[in-house]
Each structure stands twice: as structure tokens, then as C-alpha cells.
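Both of the next two complexes hold subunit A, though its partner changes from subunit B to subunit C.
Our next item is the complex of A and B:
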């Protein structure tokens, strides 16, 4: 495969399929497969040659293909309430179907007809509560249902900033405990040399990801912020592998060419009328509609704290700096810090307004939206709008309500 | 210059025809909304009333939930901007607008020049909207138009705690079976709608001069309940159902003027 001849979009599709294929092949070959939370550190497992699968990305893929209803129904039949995170429900429903297949030898129709990528059942799971606490019970549940080990990286919430030393020490101990668990699960000593190389790769991937995101600071922006949602699949699933770095570097080349040509994300420079920051997870079930709803108004998304979750910059070989990177997620910090981080994103992206996704699935992100919005509006005097939606459950989103709200925001931005 | 504002809601279609952006020469509302015969009927009625032909209209702006279905409109503008414009024209100095329509409830705060400062709308639920009142009036076997009259007979408003339309319906049936007086149930229903709408108003900030519009503003019981909840006088906009269409016609007039004098 000649990567040089492929566009970044082609590379994205190619590597996403390759990751799924590698997980399936690993399972067939009797190697270990791990299901991982999206911002849990993959470095430890990758160093031990474990194939990684990311349920949140998988659920987003199912939702984006408009195929979530079937697995959500399976989860509901198992008793998972509609108030629970839809990523969790999609994944627990999908796991249930895989489990039925493994136990009966027959593939349930819903699984056979699923538009989601086929993923293998895990041999272990790893989770981290640096983005929410649902991930603890969700993964404990997976481990119990499948009778497999669960590695938990427990990250305390940062009620005060800067991050206290005792938290850093505690997280480093959590990492050491994870290493000990992996040695036991794999039956061999932890490979520290490979771990260092994996950390270096992760840092190159993160740096390339940050370079991509920085293109949105240009005016006009050659980067359509919704593309960060699309390319996010690789910073989540392949940040410890070279795939993401290769793809992001190619994407940067394409964006640089666009920038040099004076083009905006929508084509000509003047096609960009206004810029917004999007706060919250994407509405995967209606990604095209939410994007076009803004594009039709000449509004480009140039800021978002969501892709920034994977700005996991640290010094390879230094576990404490890695601990800081994994606990310094903005939604794992107190309201003043979280708001200041979001405000910086709004300012750096030169946004004219903010769209808040009040995500029925993500209470942690939604709960403090009002306070953040009020503070940022008071400081920057920018209009904002909030809409009800969901990351993976189509029932919680109304297209007409979204369109009305973003149109009103656009009118307010134009009036300013 | 003639400009038309047409507001296609979920349960009604409204239109206002303006001359020179100053004089209302025709206005109408039909109680049938998007997807029904309402939009074409209201258009037909307004053209008949004005004696004009469609090609004599210089600019048309469509607003409301069904705004994209008005094929002949020159432009679509959100109902938030249109209501703000309409109210600011009718009642200058308005600080807070509470608009309750068929399936939307919204609060908009305005600055002294009538510019929108902030707005909030209901979530993906019909609680506290016109649809909620429709359902309740059926359960109570009372015409919607009579709900206001019953409201003022109440001395001991009942408590309707459910905000969900379905649960509130069962709650009202239960109150009826307990023999609670109809007027007290109706006052309780209105208080429930008011509480929901005022949550939005508190978020935008309750400023001086609160004005109510939308179809539900025609129910004096709800206006009274909102006034009590806010502890403030609530002014009902003239022809409250038509303020969105009026705002659209006013914006259309501004567009024509801008085109003529760029």
C-alpha cells in the first residue's frame, strides 16, 4: 500500500478498516483483545501486543450509519434504562448479541444485519473515569457478563487546580497496578522498552492531531471542524500506532495547500460567513444534518473542546507527566478551569458564537453547560444557543428544533 | 411596497401583509399548521382580504416550524428573530418576551433597541405548550377558548405536578374522579404551564416589560398564572398569534428598502 498516493480521507477509511481487521485476526490467532474506554491510556496494552477495540467509537459508527435502534432495543430488553448513556447502551446491546452468538453458535439476526464494524469479544477490558463515571459501571458490567479481567485506571476529579501532587502520585500508582495486572493476564513481564516506544509514537500522533486542529485558527479556516469528528476515530483508536500520525500528517499537508490557496473549508474564502465553537459530543445519528444546518448558513465550526480531549501531551518515560495528561481532561476539572479552557478555545478559534449540545447521554458535559455559557457570554459578549440532542440515540434529537436554534444563532451573530 | 410575513406553526398558519413597512393591510390566522391546508388557506384569505395578487408582493419571508415548506418565500427567518422584531415594533421597550405556541415555548430577552440578548426554548417535549393545553381541554370536556373563564372562578387551584403531557392527563383524570372542581383543575393546569414557561424566562432574565405572545397568550388564565409566577404584570401583545408573521413582514420591508437604497 502506497500511503503517499492516498488522500487523508482514504487513509482514514483504510486504517479504520485495518484496525477492525487486526482485532478480528488477533482473536482468530488466539491473541488477546481488549475493549477500552476512549480516553483510557492504551499505551500499556499496546506495549504488551494486545489488540485494542474502542466501544465508544464503535457505537458512534453504528449511530452514524443510522443503525443504533436495534442494539438500543437489545439493551432495553436487558433492562438498561433510556436515561443511561447511549454509547453504553449501544455497546452493552452489541456485546449481548456477540455473547448470544458465542454461546449458541448462531448469529442473531440483529448482529448479522448490523451496519456496524464487526468486532470480536474482548479477553479483558480497560477503563478510566477521567471523562465520566458511567465508564466504571459499564466496564465492570462487561467484565462481569463476560467473566474477564477489568483494569480500572481510577483518576480523581480535580476539584482544584493545579492538579495536586497526591493525585499525580495516586494515578502513577494506578498505572503501576495496571502494569502488574497486565503481567498477570499476559503471563510475562511488562515490556518497558516497547512501552517507551509506544509512548513516543503516541506523542507523535498527538502532536500531529494538534497540528490538524490548529488549522481552524486561520481565518478563513481551511479546516471544517466537523472533520475533526470524522478523523477523531484514529486519535481514539490508533494514537499508539503509526496509523494516526500518517493520516494526520497527510491531512495537514492538504490543509496547508488549502490555506496557501486562500480557501476556506467551504471553498472560496468568502463562503465562510461566521465561525462557531461547538461544545459537546457530536450528534452521530445526524452528523450530516448538524453540519449542513450550519454550512447552509455559511457558519463553520472552528472550535470544539471535544477533539481536544485527546490532546494528551506528556514526556515519554515520565509516568507522572503521563498521569497529568490523562487527568487534565477539561471535563475532569473544576468549573472555573473547565470554563477557562472552553473560553480559550472560543477565543483562539475566533468564534462569533457558541453552540451547546445538551446531550441527554452525557450528564457530565451537559450539567455545567449553563454556567459555562453564562460566564463566557459575560466575558466575551458572544451569543450562544443550546439544543437538546444525543450522541447515539436518535430518539433524543429533533432536526427542526436544531435548525431553528442554529438559524436564530446565525441571525444573532449577523446582527452583532 | 407590499411585504408579506407568513408564519407556519405546528398547529396554525398566520400571515400579515404590510404596506410600506408601516401599515398592516391584512392579517389572518388559520387553525391548521404545517403539512395541512392551513398555509394555502391563510394565503388565499389574506390575498382576498387585501385584493392584491401574489406577484404584487415585493418580498415574502416565511417563519415558524414549517418555514421551509413555503416555496414562494424569498427567505426564511427563524421565529425567534421574527417574534422579537414584531413585538419590538408593536411594544417598544419590551424587555422579555414569552411566546407559547403549539409545540414550542420560548423566552427571549431584548435590549432597549429591540436586539435579541438571549433566548431559550423548550426541550424535546411538548410539556407547557399549546399541545399540552389541547390535551387537557379534551380531558376536561371544555373548549380551549373557555379555559380562561373557568380559571378565574377558581379559589383553590389544584396541584398538577406532572410536566409530562401523558402523566398530567392521568393526574387530571384522577383529580376529576376525586371530585375536584373543574375550575380548580384548570387553574392548576395553567399554573403548571406557567411554571414551565417561567423556567425559560428566568434563564433569559426577567427584564422590565414582560410581553406574552403566541396562540396560548389568548388564554387569559395562562397569562394570569405567568404574571403570578413572575410577580410582574404581563402585557399581552395585540393579536398575539400574529407577532411572528408581523415581524417577518417587517424584516421583509427592511430587506426591500436595503435593496432599493444599498
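Our next item is the complex of A and C:
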């Protein structure tokens, strides 16, 4: 493949498929496959040549292809309550189908007909609760159902900032425990040289990701913020591999050309009427609809704290700085810090308003929306609206409500 | 029987009127009360300060209105009623409130406290079996103790915490004995009375609670054990309160044992020996097993339920599912399968403190009894 001749969008599709293919090939070749939480550190496993699969991204893909209902039903039949996070239910349903196939040798119809990328069952799982404790429960269940090892990186909720030393020490000790666990699972010593190189790659990927996101600070913005939701797949699944860096650098080149030409994300500069910050996970089941609802009003999304979850900047070789990067996720910190981080995103993105996604699947992201909104409104005097939605369960989203709310926001922004 | 009923009604009167319990404690000691949110606040530190730890487990049938501004409908009903009560100023008689944050809802609740009393937050480690987790939690408890000393203008000594641990361990031992007796004497202690005796722990100085429960135990033991003609269940979940317990009683269900966060999970094991007082309290968290809020990659809860069913010769497990409690909801499919594989009958009912109608649950429990 000649990457230079491909657009960033082509690279995104190519590498996403390649990652899935590599995981399947690894499984066939008898190599280890690990399922990982989206903001858990992949560096340890990648250093040990373990193929990584990311259930949240996989679930988002199934939801975006409007194919979640079947696996959600499988999870419900297993006893998973409809109140549980829809990413978890999609994945636990999908895992159940894979398990049935492995045990019977027959592919269940729902699996055969699934529009999701085919992923192999894991030999181990790794989780981290920096974006929710749900990820602990979910991965406990995967490990128990499949009788496989579970590596846990517990990053305690930072009720007081800055991050205390005893928390950093605890996380570093867990990194060392993860290394010991991997040595046992793999049956060979940990590859510290490769680990250092993987850390360096991760930092280059993160830097490239941050460069992409920073384009939204331009006015007009050459970057459509919803594109970050699409490209996010690679910062999640390939931040420790060169694939993400290659793609994001190409994307930066494209955005730079657009910027130089004075273009906005919607074409001509004046097509950008207003700018908003989107707080919360995407509504994957209705990504197009939520995007167009804003675009039709000339509103571009330029700020979002969600892509910023992968701004995992640290010093390679320094486990403590890595611990800080992984625990310092805004929703893993106290309300004043969390709100200040969101307010910075609103300011830096030069937003005229904020849309809060009250996501039925994500209590940690949603239950403090009201408090953050009131503080930011008081400080920046910007209007905001909230809508009810869900990341992957189509039943918890109403298009009519969404459209009414963003129209109201548009009117408030225009009246300012 | 008279004395048994007297004791239980005395305990129930305390649990039904926490404000009076706090006032009485203040008058008697000149000190005050510290609210403890669910779950697993190290009450011994508060006790060592001479203050009364008071449980904050919401309220039954509380009409939720003000809280709607601050919580979406998909937060559990305990948090809805705690939010409503704090907005009403009910908790303003407390001197401090302590939050632990073992679930995502509690993380958020800890950041939006609207009561007058200052709030202290601490985090439990979830990678619990590591020694590093104990070091982390001991450091959290040091900070908690320090903040408590500042808020209450007291000094909490090592010796005092160790003494309080002894008081609490004695209460735990007596409560285990009481729960065993409830299984032996279901004709004397019904499910509601059992709950009332346990619930009173949340509003009483523990040595006083221990003394009265010891007397109750002695009174119960004066009776002859009789064969139970009804059915026996093991309860599992966060809590189960009077309205549903009444239905159990009506249908001759006895509680053989419980695995409820509000009840036995609090006292089924002691604070261990070894190390400083705060290290000992951290050790308690490490040794806690079978709770949805305490990380466990082995998921031993199902086996613990099976063991309880066998040990107490119970007929079934009653799953008391706190609506919108995702940690509990995640555990369910795993232990459900284990119970089924072990041939243990089980029924899940949904628990919601806001509920005012229980007919559906009544019908399901009646049918369940017939099946058993």
C-alpha cells in the first residue's frame, strides 16, 4: 500500500479493517488476543505482541450500522437489564454469540448476519475505570464467562485535585502487577525495550491526535467535530501502533490545506454560522441525524471533551507520568476540575453554545451535566440545551426531541 | 414473647425516627452525628471521635420533586431520596457527611452535596487483593481522619480507633449470631422484625445496640425451636424494606440468611488484626467478598449464595434488585446461571424506594411460594 496516495478517510477505513484482520490472524496463528477498555493502557500488551480488540469501538460500529437490536436481545436473554450501559450489553451479547459458536461449532444466525466486524474471542482482558466503574463490572463478567485472566488497572476517583501521591503510587504498582501477570500469561520475560518504543509511538499518536483536534480552534473551523467521532476509532484501537499516527498526520495535511484555502468544515467560510461544544458520547445509532440536525442550522461542532479522553500525554520510560495520564481523565476528577476542563474546551473551541447529551448509558458523564452547565453559563454567558439519548441503544433516543432542542439552541445563539 | 416484642419495637422506634436518635445522642454526650452514605464508610473512625455515625439509606415512599432538577430518572431510588432529603434540609442536623464512591452514581452524588454539613469524600481501591491497594486505602483513611478531626474539632487517637474496632467487631459477632437465630426461630422473629433489629444499627451507638441485641438473643433462646412449615429464602441485593418484607411474612417466607449491602455484608466478617488501626480498617475492605460494589474478577458471589442456601437449608434465593443499580445488575446474569446450574430456585424482584404499589410483587411471591 502506498499510504501517501490515500486520503485520511481511506487510511481510516483501511487501518480499521487491518486491525480486525490482524486480530483474526493472530487468533488463527495461536497468538494471544486481548479485549481492552477504550482508555485502558494498551502499551503493556502491545509490547508483548498481543493483538488488541476494543469492545467499545466494536459496539459503536454495530450501533452505527443500525445492527444493535439483535445483540442487545441476546444480552437481555442472558439476564442483562436494559438499564445497563448499551456498549456493555452489545458486547456481552456479541461475546455470548461467539461463545456459543466456540462451544457448538455452529455459528448462530445472529452472529452470521451481524453487520459488526468479526472479532475473535479474547485470551485475556484488560480494563481501567478511568472513564467509569461500569468497565470493571463488564470485564469481570467477560473474564468469568470465558474463564480467562483479567488485568485491572484501577485508577481511583480523584475527589481532590491535584492527583495525590498515594494514588500515583498505587497505579504504578498496578502497572508492575500487570507486567508480572503478562509475563505469566505469555510465559516469557516482559520486553522492556519494546515497551519503551511502544510508549514513544503512543506519544506520537497522541500528539498527532491533538494536532487534528486543535484545527477546530480556527475560525472558521476546517474540522467538522463529528469527524473526530469517526477518526476516534484509531486513537482508541491503534494509539500504540503507527497506523493512527500515519492517518492523523494525513488528516492534518488535509485540514491545513482547507485552512489555507479559507474554507470551513461545511465548505465556504460563511457556511459556518455558529459553533458549539458537544458534551458526551456520540449517539452512534443516529450519528448522521445528529450531525445534520446541527449542520442544517449552520452549526459546526468545534469542541468536545470526549475526543480529549485520549489526550494521554506522558514521558516514555516514566511509569508515574503514565499513571497520571491515565488517571487524569476529566470525568475521573472532582466537579470543579471537571467543569474547568470542560469550560476550557468551550472557550478554546470558541463555542457559541453547548449541547449536553444526557446519555442513558453513561451515568458518570451525565449525572453532573446540570452542575457543569450552570457554572459554565454563569462564567461564559453561553446558552445550552440537553437532550436524552444513548450511545448504542436506539430505543433511548428521540429524533424529534433532539431536533427541537438544537433548534432552540440555535435560536438562543442567534439572539445573543 | 412480651419482652422480645418490647425490644424490637424499641429498636424500630429508633430506626423510624433518626432525628430523635440524633437529638438524644447529642443530649447524652454533648457531641453530634456524622452521616454515612452507602457504602462501607469506616464508621469506627467516627465512633472513635465520640460522634454517632448515622446511615443514609434514603427513605421509603418518599415523593421525589426537588431532586428531579439534580438527578435524571435513571439514578437509583436511594440516591433520589437522599437528594430530596438533602434539599429539604433533613440532613442539616449532621456535623459532617462522608461519601464513598464505589459506583458511578456515587461519584457524581459526592460532587453535588447540597446539605449544610460539610462533605468528605474518599475512594475505595478496586484492585483489592494487592498490598498496594491497602496502602492506598490506608492513606485515604488518614486523610479522612484528618478532615474529620478538623470538621469536628477533635483528636482521634490510634488507641480510640482500635477500641472502636473492638466495639464494632463485637457488634458484628452479635449480629451474626442474631441472624443465625432468625433462621432457627422463624416462628418468633419474622422478616420485618429481623430487618428492624439490623436497621437500628445505623442509628445507634454500637455498644448500646450490641447490649440490647444480646438481651434479645437471650430472650429468643428461652424458646423451644420449632419446625418451620413455611419456606425459607436467602436474600441478595442492596436492601429490602418493610413493604416487601410484609409480603414475605404474609406468605410464610422466613429469611434464612441475607446477602444485603445494608445488612449482612456490613457484619459478616470482622476487621482483621495486624498493623495500625487504619491499616486494619483497610484490611476489612480487602477481605470483603461477594459485594457488587467491591471489585472481584473471580466473582465468588454466586458460590457464596449457593453455600448459604445449603448451610441454612433454604428453599430459594430471592434477588432484591435495586432498580438502576448497575453493579448489582451486572452481577445478576453470572450468579443466576450458577444458581440454575446448582438447581437452586430463585426469583428476581425489583426494589424501588419510590414504589407505592406492591400488588405485582405480592402476586409473584405468592406464585413463587406455590412453585416451591
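Heads up, the rule we're going with is that the second predicted complex is superposed on the first by the 416 of 416 C-alpha atoms of A that agree within 3 Å, B and C clash if a C-alpha of one lies under 4 Å from a C-alpha of the other, contacts with A are read in each partner's own complex, and residues count from 1 in each chain.
Definition applied: contacts are C-beta pairs under 8 Å (C-beta built on N, C-alpha and C of every residue); 3 or more make two chains touch, one makes a residue touch a chain.
Every value quoted in this text rests on a predicted model; they were computed, and no experiment measured them.
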item	value
Fit or clash between subunit C and subunit B when superposed on subunit A	fit
Dominant contact partner of subunit A by residue count, subunit C or subunit B	C
Touching partner for A:84 - first (subunit B), second (subunit C), both, neither	second
First, second, both or neither for A:397, with subunit B first and subunit C second	first
Partner chain in contact with A:405 - subunit B first, subunit C second, else both or neither	first
Partner chain(s) touched by A:173 [first = subunit B, second = subunit C, both, neither]	second
Partner chain(s) touched by A:415 [first = subunit B, second = subunit C, both, neither]	first
First (subunit B), second (subunit C), both or neither touched by A:133	second
First, second, both or neither for A:143, with subunit B first and subunit C second	second
Partner chain(s) touched by A:370 [first = subunit B, second = subunit C, both, neither]	both
CA minimum distance (subunit B, subunit C), superposed complexes, angstrom	5
Doubly contacted subunit A residues - partners subunit C and subunit B	358, 370
Residues on subunit A engaged by subunit B in the complex (per definition of touch)	358, 370, 377, 383, 385-386, 388, 396-398, 400-401, 404-405, 407-408, 411-412, 415
Interfacial residue positions of subunit A with respect to subunit C in the complex	78-81, 83-85, 88, 92, 129, 132-134, 136-141, 143-145, 150, 152-154, 156-157, 159-160, 164, 166-167, 169-170, 173-174, 177, 334-335, 338, 358, 360, 363-364, 366-368, 370-371
Subunit A contact footprint on subunit B (complex, rising order)	65, 76-81, 115-116, 118-121, 123-124, 203
Parts of subunit C lying in touch with subunit A, wherever the complex brings them together	69-72, 74-75, 101-105, 107-112, 121-127, 130, 132-133, 135-136, 139-140, 143, 292, 295-299, 321, 323-324, 326-327, 329-334, 336-337
